[in-house]
């Protein structure tokens, strides 16, 4: 240890003070970290571990005992067609959200930042507004608007002599997931827009001025200056959207409960169905573990890519 | 069981004397002697579904109950329909279960009984003046398992076809006596105006079609043939193999072909379908007994009802109907079983039953005072009388049957309507779920 | 400048179209609060027959005021807890090079990847077993826990760029790490705090699943759960629900409008 070998030049009490400072630094670091770690441990990590544990048993909410089930729950997951439908639907939502929410969000942000800066505040508030509406509200509003008998949308469509889908927007198993995706984009695009707008405002004006002197304006400037400069923000937006797309529950549950006949089932709602409607807690845990693995993998990807930047 | 608190210290003999005196007083039913009211204050925690006017009903009942039980306070809590099933299950295994709670008869109740979470009320209910002695046996059976009483039925809901009087009169239509005549009605209505949907079907929550198939199964095969399959006690090679099940689904398709329903039933909410009827855009609807108060509340009263007609050649003569009993149960972990049962008995008494009918528009389990109700509508009295005249009652599939089989039936209904499953495929999926559930129960 | 004007028209057009797409359903919702149930369903595109506030009264009567208050309390408490706790943790992580602490950061980020759905079952059993149901104070804790990872990442990025001179000055004056954080860092982190706050506020204000399962008594219900209570077992008071929802949006939208300036400026540090 340093204190012992630094003989005459360093007085003992200073060496002690150095150690004490180091010690108190560690202690204060721990104190500052403890609440965050504590809360996460209790409410995130421990339930996660319990879920993983529970996936190896069979039990219901009211069961007196947990029956060991080995890997049978996981075997059931792999053999379960509804699980694969749910996974597919999650992927549709993730990819669709990235393309539309991030895509349109970027375009809107670019327009508000460079094209129409003075109108920006009003439009910003309006476009962000759906974000503050709860999933329950969003579902209720859209259910009535999309109703095949009395809904506003069908009324408009019929008024222009087109025919709406025969089985209904949310009742047709082939299109219902896309309709749900549309509702999600309606709600969350504003969020992406605001996120990217922030990134855009970090780009110095001089870059654009210099480029425009070289003749690069409008779309060209957008492609060669704007996009590269917000690469990191775009990455964060994509990752939030991706993880959000796998986590999604509220919207689907409130709108279709996963119907019609599991056509819009996603992992989140399927876990809920198995755990709380059918009472198969162990099985629900197994599906949860799969979801957990996907999510953790994505989180790890984010860490890697953000470090690189 | 009950612990008697004694203020100050009394010897064991004194305590026994007080206890015996109290027991005697309770056994004598009626007048509880004054000194026995020096009981500890008891709070009965009660949970129920959110329903219009129900909290008011409970409040006035609690007031009236206090006259005979001054030391009992009722702590009432309501939970929205969606979360109720989950919330009550978790509460019962958790740290603070309610003493008295609402539940549906059938699988919901049976599951709790199997897991030992509900109190066996047979003894307490059969004390003088308690509900075991006042309610009809058929009602008591709804919450009984193996002869033991696990709950008290408070009311039941049932289903009828509603029709608009004016439309029928104007178009010289008559109430169908058979299922085939019902199909003819649909065709006739479409002939009058193809844009009119004869019977709007709001199946977005899956249970409307389930009600149809419950009725159709019984009309095709008769109630007795269904029991073994619904309770999963039939032998494996016979479980849900009766060809009548496929026929029943076929009847749904016949209704579709006859133009009874609108194009997108799975995207239509029950709410919208009811509004289409109450706005007189559609002349008929297959709706629950609860719909009467909804229609009346919207100011639409010119309607009548008829029972789901029998099918020509079917095993049922039609003198039966779907009846879904609901009631109150007592948690096994309760500290106050006696007060709980007395409270339940009070709620199911004829007077409270009548009040319940009045405030909730519901059909109580003790209908003796119903005919005297001043505000009961004609339709309400008709339904009450019709229910009393039934020879056979049976519960709805998604309440009666094990959860995963019920789920399979619900999904099958959706797919049949969408045309993505044939009746044979539907029964295949149901049979698979039933076999799996049966295996899991062993 | 014709080219310029055409581009402007296109841009205005696109943004306006999107804004319309966004606003119309919300306008419909507010309009529906003034209709009767029948009008709501039968005349979706029309105006209400009579403009009455009856639905608002009914929504308020069912306890909307109490639900609003509960939501405000829960959201405010959770957001405050999240911001302070995440800030503290991010500060330590951003200022340290130790390998252990980098692992801790990774752990916290992994926590962000865990969806409530996946652990809903054991989480609920844990909370129920601890007797924490139906307590506003109790639900703040899991809400905070699920908001910490994202907010820590946000603050981490911000603190990495925070100029060290102020901190050094404070430390030279003898301030401990903890005091430095509370007296120097936090007050100067306005933009980061505001943006973290608005994000978490929006998510928690609308949080539905945990609230549905954990808060069931009339005096603890938050807004999303309370609104469902306007629906009975068999039928719902739709105009009142729409009225309730219209009321529900106002507070949080107001906060967004007020917090906007900070909100946008601070996120510039997010990508780092």
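The first chain written gets the first letter, and so on, giving A, B and C; residue counts start at 1 in each chain.
Here, a residue touches a chain if its C-beta (ideal position, glycine included) is under 8 Å from a C-beta of that chain, and two chains touch if they have at least 3 such contacts.
What you see is a predicted model, and the numbers here were worked out from it, not measured in a lab.
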Contact graph of the chains (line, ring, star, complete, other): complete
Selected interface, B-C versus A-C, where C-beta contact pairs are more numerous: A-C
Whole-Å gap between the CA centroids of chain B and chain C: 40
Separation of mean Cα positions, chain C and chain A [Å, integer]: 14
For chain B, residues contacting two or more additional chains: 86, 90, 93, 272, 275-276
Per-residue overlap in chain A, given as positions that touch at least 2 other chains: 147, 150
Sequence positions of chain C contacting 2 or more other chains: 41-42, 125, 228, 238
Sites on chain A touched by chain C in the complex: 24-25, 28-29, 31-33, 35-37, 39-40, 42-48, 50-51, 54, 104, 107-108, 111-112, 115-116, 119, 121, 123-137, 140-142, 144-145, 147, 150-152, 155-156, 186, 189-190, 194-195, 197-199, 201-202, 218, 230-236, 243, 246-247, 249-250, 253-254, 267-268, 271-272, 275, 281, 284-285, 288-289, 291-292, 295-300, 302-303, 306, 309
In the complex with chain C, residue positions of chain B that touch it: 49-52, 77-83, 86-87, 90-91, 93-96, 271-272, 274-276, 278-279, 281, 288, 290-291, 294, 298
Contact set on chain B toward chain A in their complex: 85-86, 89-90, 92-93, 111-112, 115-117, 197, 200, 204-206, 262-269, 272-273, 275-276, 403-404, 407, 411, 414-415, 418, 420, 440
Contacting residues of chain A [partner chain B, same complex]: 58, 60-64, 143, 146-150, 165-173, 257, 259-262, 273, 276-280
Touching residues (chain side chain C, partner chain A) in the complex: 7-8, 11-12, 14-15, 18-19, 21-23, 25-26, 28-29, 32, 40-42, 44-45, 85-86, 88-89, 91-93, 96, 101, 104, 106-123, 125-126, 141-142, 144-146, 148-149, 152, 176-178, 181, 202, 205-206, 208-209, 223-224, 227-228, 238, 241-242, 245, 248-249, 252-253, 256-257, 260, 263-272
